[in-house]
Amino acid sequence: MSTETPLLLVLDLIGTFAFALNGALVALRATRLDIFGVVTVGMLTGLGGGVIRDILLDSLPPATFVDWRYLAVAAGGGAIAFALSPALERFTMPITVADAVGLSVFAVLAAYKALNLEFGVLQAVIVGTITAVGGGTIRDMAIGQVPTVFRSELYAIPAMIGAATAALLYGLGVQNIAATLGAAAVCFVIRMLGVRFDLNAPRPPWQR
Amino acid sequence: MSTETPLLLVLDLIGTFAFALNGALVALRATRLDIFGVVTVGMLTGLGGGVIRDILLDSLPPATFVDWRYLAVAAGGGAIAFALSPALERFTMPITVADAVGLSVFAVLAAYKALNLEFGVLQAVIVGTITAVGGGTIRDMAIGQVPTVFRSELYAIPAMIGAATAALLYGLGVQNIAATLGAAAVCFVIRMLGVRFDLNAPRPPWQR
Amino acid sequence: MSTETPLLLVLDLIGTFAFALNGALVALRATRLDIFGVVTVGMLTGLGGGVIRDILLDSLPPATFVDWRYLAVAAGGGAIAFALSPALERFTMPITVADAVGLSVFAVLAAYKALNLEFGVLQAVIVGTITAVGGGTIRDMAIGQVPTVFRSELYAIPAMIGAATAALLYGLGVQNIAATLGAAAVCFVIRMLGVRFDLNAPRPPWQR
(Lines give C-alpha, C1' and ligand atoms only; values in the text may rest on other atoms or scores of the structure.)
Protein backbone atom coordinates (compact mmCIF):
# COMPACT_ATOMS: atom_id res chain seq x y z
CA MET A 1 0.00 0.00 0.00
CA SER A 2 1.19 3.49 -0.67
CA THR A 3 0.30 7.09 -0.08
CA GLU A 4 -1.88 7.03 -3.19
CA THR A 5 -4.60 5.86 -0.80
CA PRO A 6 -6.13 9.04 0.66
CA LEU A 7 -6.30 7.70 4.22
CA LEU A 8 -2.65 6.65 4.18
CA LEU A 9 -1.63 9.96 2.64
CA VAL A 10 -3.39 11.82 5.44
CA LEU A 11 -1.76 9.63 8.10
CA ASP A 12 1.64 10.10 6.43
CA LEU A 13 1.17 13.88 6.40
CA ILE A 14 0.03 13.86 10.04
CA GLY A 15 3.17 11.91 10.88
CA THR A 16 5.37 14.34 8.95
CA PHE A 17 3.76 17.29 10.70
CA ALA A 18 4.11 15.67 14.12
CA PHE A 19 7.75 14.75 13.51
CA ALA A 20 8.56 18.30 12.39
CA LEU A 21 6.71 19.92 15.28
CA ASN A 22 8.15 17.57 17.87
CA GLY A 23 11.64 17.72 16.36
CA ALA A 24 11.65 21.50 16.44
CA LEU A 25 10.43 21.50 20.05
CA VAL A 26 13.15 19.05 21.10
CA ALA A 27 15.75 21.23 19.40
CA LEU A 28 14.43 24.40 21.06
CA ARG A 29 14.63 22.73 24.47
CA ALA A 30 18.25 21.70 23.82
CA THR A 31 19.79 24.76 22.23
CA ARG A 32 19.23 28.31 20.97
CA LEU A 33 18.16 28.52 17.34
CA ASP A 34 16.88 31.24 15.03
CA ILE A 35 13.85 30.91 12.78
CA PHE A 36 15.82 29.28 9.97
CA GLY A 37 17.34 26.78 12.39
CA VAL A 38 14.02 25.83 13.96
CA VAL A 39 12.20 25.37 10.66
CA THR A 40 15.15 23.51 9.13
CA VAL A 41 15.53 21.16 12.09
CA GLY A 42 11.77 20.55 11.90
CA MET A 43 12.02 19.75 8.20
CA LEU A 44 15.06 17.50 8.74
CA THR A 45 13.13 15.59 11.39
CA GLY A 46 9.97 15.28 9.31
CA LEU A 47 11.56 14.56 5.93
CA GLY A 48 15.04 13.16 6.66
CA GLY A 49 13.96 9.56 7.13
CA GLY A 50 12.17 9.52 3.79
CA VAL A 51 15.21 10.95 2.01
CA ILE A 52 17.47 8.22 3.42
CA ARG A 53 14.82 5.64 2.44
CA ASP A 54 14.79 6.81 -1.15
CA ILE A 55 18.61 6.87 -1.36
CA LEU A 56 18.79 3.28 -0.13
CA LEU A 57 15.95 2.16 -2.41
CA ASP A 58 17.41 3.97 -5.45
CA SER A 59 14.19 5.92 -5.70
CA LEU A 60 15.51 9.44 -6.22
CA PRO A 61 14.45 12.22 -6.30
CA PRO A 62 13.01 11.68 -2.80
CA ALA A 63 9.22 11.44 -2.78
CA THR A 64 8.93 13.84 0.15
CA PHE A 65 11.03 16.43 -1.70
CA VAL A 66 9.03 16.22 -4.93
CA ASP A 67 5.61 16.47 -3.27
CA TRP A 68 5.08 20.03 -2.02
CA ARG A 69 2.52 18.85 0.56
CA TYR A 70 5.24 17.13 2.59
CA LEU A 71 7.48 20.19 2.36
CA ALA A 72 4.64 22.49 3.41
CA VAL A 73 3.48 20.33 6.28
CA ALA A 74 7.03 19.88 7.63
CA ALA A 75 7.82 23.60 7.33
CA GLY A 76 4.49 24.37 9.01
CA GLY A 77 5.31 22.09 11.94
CA GLY A 78 8.64 23.85 12.42
CA ALA A 79 7.12 27.31 12.09
CA ILE A 80 4.40 26.57 14.67
CA ALA A 81 7.05 25.33 17.09
CA PHE A 82 9.01 28.54 16.48
CA ALA A 83 6.05 30.76 17.23
CA LEU A 84 4.41 28.87 20.07
CA SER A 85 7.03 26.68 21.71
CA PRO A 86 6.36 27.38 25.41
CA ALA A 87 2.59 27.16 24.96
CA LEU A 88 2.96 23.81 23.23
CA GLU A 89 4.65 22.25 26.24
CA ARG A 90 1.18 21.67 27.67
CA PHE A 91 0.35 19.39 24.74
CA THR A 92 3.07 16.82 25.32
CA MET A 93 0.74 13.84 25.23
CA PRO A 94 -1.13 14.66 21.97
CA ILE A 95 2.23 15.45 20.34
CA THR A 96 3.65 12.14 21.56
CA VAL A 97 0.62 10.32 20.17
CA ALA A 98 0.88 12.07 16.78
CA ASP A 99 4.62 11.31 16.75
CA ALA A 100 3.80 7.63 17.35
CA VAL A 101 1.39 7.75 14.40
CA GLY A 102 4.26 9.06 12.28
CA LEU A 103 6.62 6.37 13.57
CA SER A 104 4.11 3.64 12.71
CA VAL A 105 3.06 4.89 9.30
CA PHE A 106 6.61 5.72 8.20
CA ALA A 107 7.89 2.26 9.19
CA VAL A 108 5.10 0.31 7.54
CA LEU A 109 4.83 2.33 4.31
CA ALA A 110 8.60 2.26 3.84
CA ALA A 111 8.67 -1.51 4.33
CA TYR A 112 5.93 -1.92 1.70
CA LYS A 113 7.77 0.44 -0.63
CA ALA A 114 10.92 -1.67 -0.34
CA LEU A 115 9.04 -4.91 -0.92
CA ASN A 116 7.17 -3.53 -3.92
CA LEU A 117 10.53 -2.48 -5.37
CA GLU A 118 11.59 -6.14 -4.96
CA PHE A 119 14.00 -5.70 -2.08
CA GLY A 120 14.20 -8.56 0.43
CA VAL A 121 12.53 -8.86 3.81
CA LEU A 122 15.70 -7.92 5.70
CA GLN A 123 16.08 -4.79 3.60
CA ALA A 124 12.40 -3.93 4.10
CA VAL A 125 12.69 -4.16 7.88
CA ILE A 126 15.90 -2.12 7.94
CA VAL A 127 14.57 0.57 5.62
CA GLY A 128 11.29 0.72 7.53
CA THR A 129 13.17 1.28 10.76
CA ILE A 130 15.56 3.83 9.27
CA THR A 131 12.70 5.79 7.70
CA ALA A 132 10.93 5.93 11.04
CA VAL A 133 13.92 6.93 13.18
CA GLY A 134 16.25 8.58 10.65
CA GLY A 135 14.78 12.07 10.88
CA GLY A 136 15.12 12.19 14.65
CA THR A 137 18.67 10.84 14.41
CA ILE A 138 19.68 13.61 12.00
CA ARG A 139 17.98 16.18 14.25
CA ASP A 140 19.94 15.07 17.31
CA MET A 141 23.22 15.03 15.38
CA ALA A 142 22.47 18.55 14.12
CA ILE A 143 21.97 19.87 17.66
CA GLY A 144 25.10 18.17 18.95
CA GLN A 145 23.52 15.36 20.93
CA VAL A 146 23.89 11.60 20.86
CA PRO A 147 20.62 10.51 19.22
CA THR A 148 17.96 9.65 21.81
CA VAL A 149 16.98 6.62 19.77
CA PHE A 150 20.48 5.17 20.35
CA ARG A 151 20.25 5.63 24.10
CA SER A 152 16.85 5.20 25.66
CA GLU A 153 13.10 4.74 25.29
CA LEU A 154 11.34 2.13 23.19
CA TYR A 155 11.28 3.87 19.83
CA ALA A 156 13.19 1.98 17.16
CA ILE A 157 12.09 -1.47 18.27
CA PRO A 158 8.34 -0.80 17.74
CA ALA A 159 9.21 0.54 14.27
CA MET A 160 11.19 -2.62 13.54
CA ILE A 161 8.33 -4.83 14.70
CA GLY A 162 5.82 -2.83 12.65
CA ALA A 163 7.99 -3.13 9.52
CA ALA A 164 8.47 -6.85 10.17
CA THR A 165 4.71 -7.30 10.54
CA ALA A 166 4.19 -5.57 7.20
CA ALA A 167 6.81 -7.83 5.63
CA LEU A 168 5.13 -10.90 7.10
CA LEU A 169 1.73 -9.88 5.75
CA TYR A 170 3.28 -9.09 2.38
CA GLY A 171 4.89 -12.53 2.37
CA LEU A 172 1.43 -14.02 3.01
CA GLY A 173 0.19 -12.14 -0.05
CA VAL A 174 -1.74 -9.58 1.99
CA GLN A 175 -1.27 -5.99 0.96
CA ASN A 176 -4.29 -3.83 1.47
CA ILE A 177 -5.28 -0.94 3.63
CA ALA A 178 -6.39 -3.18 6.50
CA ALA A 179 -2.99 -4.92 6.55
CA THR A 180 -1.20 -1.59 6.44
CA LEU A 181 -3.24 -0.16 9.28
CA GLY A 182 -2.88 -3.40 11.22
CA ALA A 183 0.90 -3.44 10.97
CA ALA A 184 1.00 0.25 11.88
CA ALA A 185 -1.27 -0.44 14.86
CA VAL A 186 1.19 -3.08 16.12
CA CYS A 187 3.96 -0.49 16.09
CA PHE A 188 1.73 2.20 17.59
CA VAL A 189 0.54 0.06 20.49
CA ILE A 190 4.05 -1.10 21.42
CA ARG A 191 5.34 2.46 21.23
CA MET A 192 2.54 3.80 23.42
CA LEU A 193 2.99 0.96 25.93
CA GLY A 194 6.66 1.95 26.06
CA VAL A 195 5.67 5.57 26.78
CA ARG A 196 3.04 4.57 29.35
CA PHE A 197 5.29 2.21 31.30
CA ASP A 198 8.50 4.12 30.67
CA LEU A 199 10.17 1.16 28.99
CA ASN A 200 13.66 1.27 27.52
CA ALA A 201 15.48 -0.93 25.04
CA PRO A 202 18.01 -3.20 26.79
CA ARG A 203 21.32 -1.77 27.92
CA PRO A 204 24.57 -3.76 27.65
CA PRO A 205 24.46 -6.63 30.18
CA TRP A 206 27.72 -5.59 31.90
CA GLN A 207 26.31 -2.09 32.59
CA ARG A 208 23.43 -3.33 34.73
CA MET B 1 22.19 29.45 -16.71
CA SER B 2 24.84 26.97 -15.77
CA THR B 3 28.54 26.68 -15.17
CA GLU B 4 29.04 26.08 -18.87
CA THR B 5 29.26 29.88 -19.07
CA PRO B 6 32.91 30.76 -18.33
CA LEU B 7 32.09 33.70 -16.05
CA LEU B 8 29.69 31.61 -13.96
CA LEU B 9 32.19 28.75 -13.80
CA VAL B 10 34.83 31.11 -12.47
CA LEU B 11 32.44 32.55 -9.88
CA ASP B 12 31.39 29.04 -8.87
CA LEU B 13 35.03 27.99 -8.45
CA ILE B 14 35.79 31.16 -6.47
CA GLY B 15 32.85 30.31 -4.22
CA THR B 16 34.04 26.74 -3.79
CA PHE B 17 37.54 27.91 -2.92
CA ALA B 18 36.25 30.52 -0.47
CA PHE B 19 33.92 28.03 1.22
CA ALA B 20 36.75 25.49 1.59
CA LEU B 21 39.24 28.08 2.87
CA ASN B 22 36.77 29.66 5.26
CA GLY B 23 35.39 26.29 6.38
CA ALA B 24 38.86 25.02 7.20
CA LEU B 25 39.69 28.21 9.11
CA VAL B 26 36.49 27.97 11.14
CA ALA B 27 37.30 24.35 11.97
CA LEU B 28 40.87 25.21 12.98
CA ARG B 29 39.60 27.92 15.32
CA ALA B 30 37.18 25.47 16.95
CA THR B 31 39.25 22.30 17.34
CA ARG B 32 42.59 20.59 16.74
CA LEU B 33 42.85 18.84 13.38
CA ASP B 34 45.61 17.17 11.39
CA ILE B 35 46.27 17.81 7.71
CA PHE B 36 43.74 15.22 6.57
CA GLY B 37 41.09 16.69 8.84
CA VAL B 38 41.68 20.28 7.72
CA VAL B 39 41.64 19.46 4.01
CA THR B 40 38.64 17.14 4.39
CA VAL B 41 36.62 19.68 6.37
CA GLY B 42 37.51 22.26 3.71
CA MET B 43 36.33 19.94 0.95
CA LEU B 44 33.14 19.06 2.86
CA THR B 45 32.39 22.77 3.23
CA GLY B 46 33.14 23.59 -0.40
CA LEU B 47 31.54 20.56 -2.04
CA GLY B 48 28.98 19.22 0.45
CA GLY B 49 26.14 21.53 -0.59
CA GLY B 50 26.50 20.50 -4.23
CA VAL B 51 26.45 16.81 -3.34
CA ILE B 52 23.19 17.20 -1.38
CA ARG B 53 21.78 19.22 -4.30
CA ASP B 54 22.52 16.44 -6.76
CA ILE B 55 21.05 13.77 -4.48
CA LEU B 56 17.80 15.72 -4.14
CA LEU B 57 17.67 16.49 -7.87
CA ASP B 58 18.47 12.88 -8.84
CA SER B 59 21.49 14.15 -10.70
CA LEU B 60 24.16 11.70 -9.56
CA PRO B 61 27.11 11.37 -9.75
CA PRO B 62 27.51 14.82 -8.16
CA ALA B 63 28.77 17.43 -10.62
CA THR B 64 31.37 18.72 -8.15
CA PHE B 65 32.74 15.19 -7.69
CA VAL B 66 33.01 14.44 -11.40
CA ASP B 67 34.73 17.73 -12.31
CA TRP B 68 38.33 17.65 -11.02
CA ARG B 69 38.50 21.46 -10.96
CA TYR B 70 36.05 21.61 -8.06
CA LEU B 71 37.95 18.91 -6.20
CA ALA B 72 41.28 20.68 -6.78
CA VAL B 73 40.01 24.12 -5.80
CA ALA B 74 38.34 22.81 -2.64
CA ALA B 75 41.41 20.78 -1.63
CA GLY B 76 43.57 23.82 -2.34
CA GLY B 77 41.45 26.02 -0.10
CA GLY B 78 41.80 23.52 2.73
CA ALA B 79 45.55 23.10 2.19
CA ILE B 80 46.16 26.86 2.23
CA ALA B 81 44.23 27.14 5.49
CA PHE B 82 46.34 24.31 6.91
CA ALA B 83 49.61 25.99 6.01
CA LEU B 84 48.79 29.62 6.70
CA SER B 85 45.91 29.73 9.16
CA PRO B 86 47.16 32.39 11.63
CA ALA B 87 48.40 34.65 8.84
CA LEU B 88 45.01 34.44 7.13
CA GLU B 89 43.22 35.87 10.16
CA ARG B 90 44.19 39.34 8.90
CA PHE B 91 42.12 38.75 5.73
CA THR B 92 38.77 38.20 7.40
CA MET B 93 36.96 40.75 5.27
CA PRO B 94 38.11 39.55 1.82
CA ILE B 95 37.38 35.96 2.89
CA THR B 96 33.91 36.98 4.07
CA VAL B 97 33.30 38.72 0.74
CA ALA B 98 34.46 35.70 -1.28
CA ASP B 99 32.32 33.46 0.94
CA ALA B 100 29.31 35.68 0.15
CA VAL B 101 30.09 35.29 -3.56
CA GLY B 102 29.94 31.53 -3.05
CA LEU B 103 26.70 31.76 -1.11
CA SER B 104 25.10 33.81 -3.89
CA VAL B 105 26.34 31.81 -6.85
CA PHE B 106 25.59 28.44 -5.24
CA ALA B 107 22.03 29.46 -4.36
CA VAL B 108 21.18 30.92 -7.75
CA LEU B 109 22.82 28.25 -9.92
CA ALA B 110 21.25 25.45 -7.89
CA ALA B 111 17.82 27.05 -8.22
CA TYR B 112 18.25 27.30 -12.00
CA LYS B 113 19.48 23.69 -12.10
CA ALA B 114 16.35 22.53 -10.28
CA LEU B 115 14.05 24.55 -12.54
CA ASN B 116 15.76 23.31 -15.71
CA LEU B 117 15.27 19.75 -14.43
CA GLU B 118 11.54 20.61 -14.16
CA PHE B 119 11.27 20.76 -10.40
CA GLY B 120 8.82 23.29 -8.98
CA VAL B 121 9.50 26.76 -7.57
CA LEU B 122 9.31 25.58 -3.96
CA GLN B 123 11.84 22.81 -4.67
CA ALA B 124 14.10 25.29 -6.48
CA VAL B 125 14.15 27.69 -3.53
CA ILE B 126 14.76 24.89 -1.03
CA VAL B 127 17.52 23.29 -3.08
CA GLY B 128 19.14 26.67 -3.73
CA THR B 129 19.22 27.38 -0.01
CA ILE B 130 20.47 23.89 0.91
CA THR B 131 23.23 24.06 -1.70
CA ALA B 132 24.37 27.40 -0.32
CA VAL B 133 24.33 26.48 3.38
CA GLY B 134 24.69 22.68 3.29
CA GLY B 135 28.48 22.59 3.21
CA GLY B 136 28.82 24.81 6.27
CA THR B 137 26.17 22.77 8.08
CA ILE B 138 28.08 19.53 7.47
CA ARG B 139 31.29 21.25 8.58
CA ASP B 140 29.81 22.37 11.89
CA MET B 141 28.32 18.93 12.54
CA ALA B 142 31.71 17.35 11.81
CA ILE B 143 33.44 19.56 14.38
CA GLY B 144 30.79 18.93 17.00
CA GLN B 145 29.02 22.28 16.92
CA VAL B 146 25.43 23.31 16.37
CA PRO B 147 25.56 24.78 12.84
CA THR B 148 26.06 28.56 12.90
CA VAL B 149 23.48 28.91 10.16
CA PHE B 150 20.84 27.50 12.54
CA ARG B 151 21.70 29.97 15.28
CA SER B 152 22.79 33.40 14.19
CA GLU B 153 23.80 35.80 11.43
CA LEU B 154 21.89 36.51 8.23
CA TYR B 155 23.18 33.70 6.04
CA ALA B 156 20.45 31.32 4.89
CA ILE B 157 17.82 34.01 4.35
CA PRO B 158 19.86 35.90 1.69
CA ALA B 159 20.40 32.57 -0.08
CA MET B 160 16.68 31.87 0.03
CA ILE B 161 15.88 35.33 -1.38
CA GLY B 162 18.51 34.91 -4.11
CA ALA B 163 17.08 31.53 -5.11
CA ALA B 164 13.54 32.94 -5.05
CA THR B 165 14.65 35.85 -7.26
CA ALA B 166 16.12 33.36 -9.73
CA ALA B 167 12.87 31.38 -9.68
CA LEU B 168 10.85 34.56 -10.25
CA LEU B 169 13.00 35.56 -13.22
CA TYR B 170 12.79 32.01 -14.59
CA GLY B 171 9.02 32.14 -14.26
CA LEU B 172 9.07 35.38 -16.27
CA GLY B 173 10.98 33.52 -18.96
CA VAL B 174 14.26 35.25 -18.19
CA GLN B 175 17.26 32.99 -17.95
CA ASN B 176 20.47 34.59 -19.07
CA ILE B 177 23.72 35.68 -17.54
CA ALA B 178 22.37 39.09 -16.53
CA ALA B 179 19.45 37.48 -14.68
CA THR B 180 21.79 35.03 -12.96
CA LEU B 181 24.16 37.77 -11.86
CA GLY B 182 21.25 39.96 -10.83
CA ALA B 183 19.72 37.28 -8.62
CA ALA B 184 23.14 36.52 -7.15
CA ALA B 185 23.66 40.24 -6.51
CA VAL B 186 20.41 40.38 -4.52
CA CYS B 187 21.70 37.61 -2.27
CA PHE B 188 25.17 39.14 -2.06
CA VAL B 189 23.95 42.61 -1.07
CA ILE B 190 21.61 41.29 1.63
CA ARG B 191 24.35 39.06 3.01
CA MET B 192 26.89 41.91 3.12
CA LEU B 193 24.36 44.27 4.71
CA GLY B 194 23.85 41.57 7.33
CA VAL B 195 27.61 41.43 7.95
CA ARG B 196 27.96 45.22 7.98
CA PHE B 197 25.12 45.85 10.40
CA ASP B 198 25.54 42.64 12.36
CA LEU B 199 22.01 41.46 11.61
CA ASN B 200 20.60 38.13 12.75
CA ALA B 201 17.65 36.07 11.65
CA PRO B 202 14.74 36.36 14.11
CA ARG B 203 14.86 34.40 17.36
CA PRO B 204 11.75 32.77 18.84
CA PRO B 205 9.39 35.53 20.10
CA TRP B 206 9.27 34.16 23.65
CA GLN B 207 13.07 34.33 23.98
CA ARG B 208 13.28 38.07 23.40
CA MET C 1 38.81 -6.70 -9.15
CA SER C 2 35.63 -6.96 -7.24
CA THR C 3 33.97 -8.91 -4.48
CA GLU C 4 32.85 -11.50 -7.04
CA THR C 5 36.23 -13.12 -6.30
CA PRO C 6 35.67 -15.34 -3.23
CA LEU C 7 38.91 -14.33 -1.49
CA LEU C 8 38.13 -10.63 -1.89
CA LEU C 9 34.56 -11.17 -0.75
CA VAL C 10 35.83 -12.87 2.41
CA LEU C 11 38.33 -10.09 3.09
CA ASP C 12 35.62 -7.48 2.48
CA LEU C 13 33.28 -9.24 4.91
CA ILE C 14 36.06 -9.54 7.49
CA GLY C 15 36.65 -5.83 7.12
CA THR C 16 32.95 -5.06 7.49
CA PHE C 17 32.75 -7.21 10.62
CA ALA C 18 35.88 -5.66 12.12
CA PHE C 19 34.67 -2.13 11.39
CA ALA C 20 31.28 -2.84 12.98
CA LEU C 21 32.78 -4.55 16.03
CA ASN C 22 35.44 -1.89 16.54
CA GLY C 23 33.01 0.95 15.83
CA ALA C 24 30.55 -0.35 18.40
CA LEU C 25 33.33 -0.76 20.97
CA VAL C 26 34.55 2.79 20.39
CA ALA C 27 31.01 4.07 20.83
CA LEU C 28 30.49 2.07 24.02
CA ARG C 29 33.70 3.52 25.46
CA ALA C 30 32.55 7.05 24.65
CA THR C 31 28.90 7.08 25.64
CA ARG C 32 25.96 5.07 27.00
CA LEU C 33 23.92 3.29 24.34
CA ASP C 34 21.13 0.74 24.29
CA ILE C 35 21.10 -2.38 22.10
CA PHE C 36 19.61 -0.55 19.13
CA GLY C 37 22.23 2.20 19.42
CA VAL C 38 25.16 -0.21 19.67
CA VAL C 39 24.06 -2.35 16.71
CA THR C 40 23.15 0.71 14.63
CA VAL C 41 26.46 2.46 15.32
CA GLY C 42 28.22 -0.80 14.40
CA MET C 43 26.29 -1.01 11.14
CA LEU C 44 26.93 2.66 10.34
CA THR C 45 30.64 2.08 10.88
CA GLY C 46 30.75 -1.10 8.82
CA LEU C 47 28.45 -0.06 5.99
CA GLY C 48 28.47 3.76 5.94
CA GLY C 49 31.58 4.13 3.81
CA GLY C 50 30.17 1.84 1.12
CA VAL C 51 26.90 3.78 1.03
CA ILE C 52 28.72 7.08 0.48
CA ARG C 53 30.84 5.38 -2.19
CA ASP C 54 27.77 4.23 -4.10
CA ILE C 55 26.11 7.65 -3.86
CA LEU C 56 29.21 9.34 -5.30
CA LEU C 57 29.61 6.68 -8.01
CA ASP C 58 25.89 6.79 -8.92
CA SER C 59 25.70 3.11 -8.12
CA LEU C 60 22.52 2.95 -6.05
CA PRO C 61 21.05 1.00 -4.39
CA PRO C 62 24.19 0.57 -2.27
CA ALA C 63 25.87 -2.82 -2.77
CA THR C 64 26.25 -3.34 0.98
CA PHE C 65 22.53 -2.71 1.50
CA VAL C 66 21.39 -5.09 -1.24
CA ASP C 67 23.63 -7.98 -0.15
CA TRP C 68 22.29 -9.48 3.07
CA ARG C 69 25.72 -10.90 3.97
CA TYR C 70 27.08 -7.40 4.60
CA LEU C 71 24.03 -6.48 6.67
CA ALA C 72 24.30 -9.68 8.71
CA VAL C 73 28.03 -9.42 9.31
CA ALA C 74 27.79 -5.76 10.35
CA ALA C 75 24.83 -6.39 12.64
CA GLY C 76 26.71 -9.37 14.09
CA GLY C 77 29.76 -7.26 14.85
CA GLY C 78 27.60 -4.73 16.67
CA ALA C 79 25.70 -7.41 18.58
CA ILE C 80 28.90 -9.12 19.75
CA ALA C 81 30.23 -5.79 20.98
CA PHE C 82 26.94 -5.23 22.83
CA ALA C 83 27.12 -8.58 24.59
CA LEU C 84 30.83 -8.87 25.28
CA SER C 85 32.27 -5.36 25.31
CA PRO C 86 34.44 -5.49 28.46
CA ALA C 87 35.79 -8.96 27.63
CA LEU C 88 36.77 -7.78 24.14
CA GLU C 89 39.07 -5.09 25.51
CA ARG C 90 41.73 -7.80 25.87
CA PHE C 91 41.69 -8.33 22.10
CA THR C 92 42.67 -4.82 21.08
CA MET C 93 45.49 -5.93 18.83
CA PRO C 94 43.61 -8.56 16.76
CA ILE C 95 40.73 -6.09 16.41
CA THR C 96 43.14 -3.39 15.25
CA VAL C 97 44.65 -5.80 12.73
CA ALA C 98 41.23 -6.84 11.39
CA ASP C 99 40.23 -3.16 11.23
CA ALA C 100 43.37 -2.48 9.16
CA VAL C 101 42.35 -5.31 6.81
CA GLY C 102 39.02 -3.56 6.36
CA LEU C 103 40.69 -0.20 5.78
CA SER C 104 42.93 -1.71 3.10
CA VAL C 105 40.32 -3.79 1.29
CA PHE C 106 37.67 -1.04 1.36
CA ALA C 107 40.09 1.55 -0.07
CA VAL C 108 41.43 -0.65 -2.86
CA LEU C 109 38.14 -2.24 -3.94
CA ALA C 110 36.40 1.14 -3.98
CA ALA C 111 39.18 2.63 -6.11
CA TYR C 112 38.86 -0.24 -8.60
CA LYS C 113 35.08 0.14 -8.59
CA ALA C 114 35.41 3.84 -9.47
CA LEU C 115 37.94 3.13 -12.22
CA ASN C 116 35.84 0.34 -13.72
CA LEU C 117 32.90 2.78 -13.79
CA GLU C 118 35.19 5.10 -15.80
CA PHE C 119 35.79 7.71 -13.15
CA GLY C 120 39.20 9.41 -13.14
CA VAL C 121 42.23 8.65 -11.00
CA LEU C 122 41.57 11.59 -8.68
CA GLN C 123 37.99 10.43 -8.12
CA ALA C 124 39.18 6.85 -7.53
CA VAL C 125 41.65 7.94 -4.84
CA ILE C 126 39.08 10.18 -3.15
CA VAL C 127 36.35 7.56 -3.22
CA GLY C 128 38.74 4.87 -2.00
CA THR C 129 39.72 7.03 0.95
CA ILE C 130 36.12 8.05 1.74
CA THR C 131 34.94 4.43 1.61
CA ALA C 132 37.68 3.41 4.03
CA VAL C 133 37.22 6.22 6.55
CA GLY C 134 33.59 7.28 5.99
CA GLY C 135 32.02 4.74 8.32
CA GLY C 136 34.21 5.76 11.24
CA THR C 137 33.55 9.41 10.50
CA ILE C 138 29.77 8.90 10.64
CA ARG C 139 30.19 6.89 13.85
CA ASP C 140 32.12 9.67 15.57
CA MET C 141 29.62 12.30 14.43
CA ALA C 142 26.78 10.13 15.75
CA ILE C 143 28.36 9.91 19.20
CA GLY C 144 29.09 13.63 19.32
CA GLN C 145 32.84 13.56 18.81
CA VAL C 146 35.14 15.21 16.30
CA PRO C 147 36.09 12.27 14.04
CA THR C 148 39.36 10.65 15.15
CA VAL C 149 40.44 10.41 11.52
CA PHE C 150 40.40 14.24 11.34
CA ARG C 151 42.58 14.62 14.41
CA SER C 152 45.19 11.95 14.95
CA GLU C 153 46.74 8.62 14.03
CA LEU C 154 47.81 7.50 10.57
CA TYR C 155 44.53 6.19 9.22
CA ALA C 156 43.31 8.08 6.16
CA ILE C 157 46.75 8.49 4.61
CA PRO C 158 47.42 4.72 4.29
CA ALA C 159 43.98 4.36 2.67
CA MET C 160 44.83 7.14 0.24
CA ILE C 161 48.15 5.51 -0.64
CA GLY C 162 46.49 2.12 -1.08
CA ALA C 163 43.85 3.60 -3.39
CA ALA C 164 46.53 5.48 -5.33
CA THR C 165 48.55 2.26 -5.69
CA ALA C 166 45.46 0.52 -7.09
CA ALA C 167 44.93 3.41 -9.52
CA LEU C 168 48.57 3.23 -10.60
CA LEU C 169 48.35 -0.50 -11.26
CA TYR C 170 45.06 -0.02 -13.09
CA GLY C 171 46.71 2.65 -15.23
CA LEU C 172 49.45 0.13 -16.06
CA GLY C 173 46.73 -2.26 -17.20
CA VAL C 174 47.10 -4.54 -14.18
CA GLN C 175 43.87 -5.55 -12.53
CA ASN C 176 43.95 -8.97 -11.00
CA ILE C 177 43.84 -10.49 -7.58
CA ALA C 178 47.58 -10.14 -7.03
CA ALA C 179 47.46 -6.43 -7.83
CA THR C 180 44.46 -5.96 -5.54
CA LEU C 181 46.14 -7.76 -2.66
CA GLY C 182 49.40 -5.92 -3.33
CA ALA C 183 47.75 -2.50 -3.20
CA ALA C 184 45.86 -3.52 -0.08
CA ALA C 185 49.11 -4.76 1.47
CA VAL C 186 50.70 -1.35 0.90
CA CYS C 187 47.88 0.28 2.86
CA PHE C 188 47.94 -2.42 5.52
CA VAL C 189 51.69 -2.18 6.16
CA ILE C 190 51.66 1.62 6.42
CA ARG C 191 48.67 1.50 8.76
CA MET C 192 50.30 -1.10 11.02
CA LEU C 193 53.61 0.80 11.04
CA GLY C 194 51.60 3.82 12.15
CA VAL C 195 50.06 1.79 14.97
CA ARG C 196 53.39 0.24 15.96
CA PHE C 197 55.32 3.51 16.06
CA ASP C 198 52.40 5.66 17.17
CA LEU C 199 52.61 7.90 14.10
CA ASN C 200 50.24 10.77 13.42
CA ALA C 201 49.40 12.73 10.30
CA PRO C 202 51.03 16.18 10.33
CA ARG C 203 49.50 18.94 12.43
CA PRO C 204 49.39 22.56 11.23
CA PRO C 205 52.94 23.97 11.19
CA TRP C 206 52.10 26.90 13.50
CA GLN C 207 50.78 24.54 16.20
CA ARG C 208 54.08 22.74 16.66
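Going in written order, the chains are labelled A, B and C, and every chain counts its residues from 1.
Everything that follows uses one rule, which is that a contact is a pair of C-beta atoms (placed from the backbone, for glycine too) under 8 Å apart; a residue touches a chain by one contact, two chains touch by 3 or more.
Going by UniProt, the chains are A, B, C = Permease.
Keep in mind it's a predicted model, so treat the numbers as computed, not measured.
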Touching both subunit A (Permease) and subunit B (Permease) (chains): C
Fraction-based call for subunit C (Permease) against subunit B (Permease), same above half, different below: different
Interchain centroid distance [CA atoms averaged], subunit B (Permease)/subunit C (Permease), Å: 30
Set of subunit A (Permease) residues in contact with two or more other chains: 55, 60, 141, 144
Parts of subunit A (Permease) lying in touch with subunit C (Permease), wherever the complex brings them together: 55-58, 60, 119-120, 122-123, 126, 137, 141, 144-147, 149-152, 156-157, 200-207
In the complex, subunit B (Permease) residues that touch subunit C (Permease): 28, 31-38, 40-41, 51, 55, 60-62, 65-66, 68, 71-72, 82-83, 85-86, 141-144
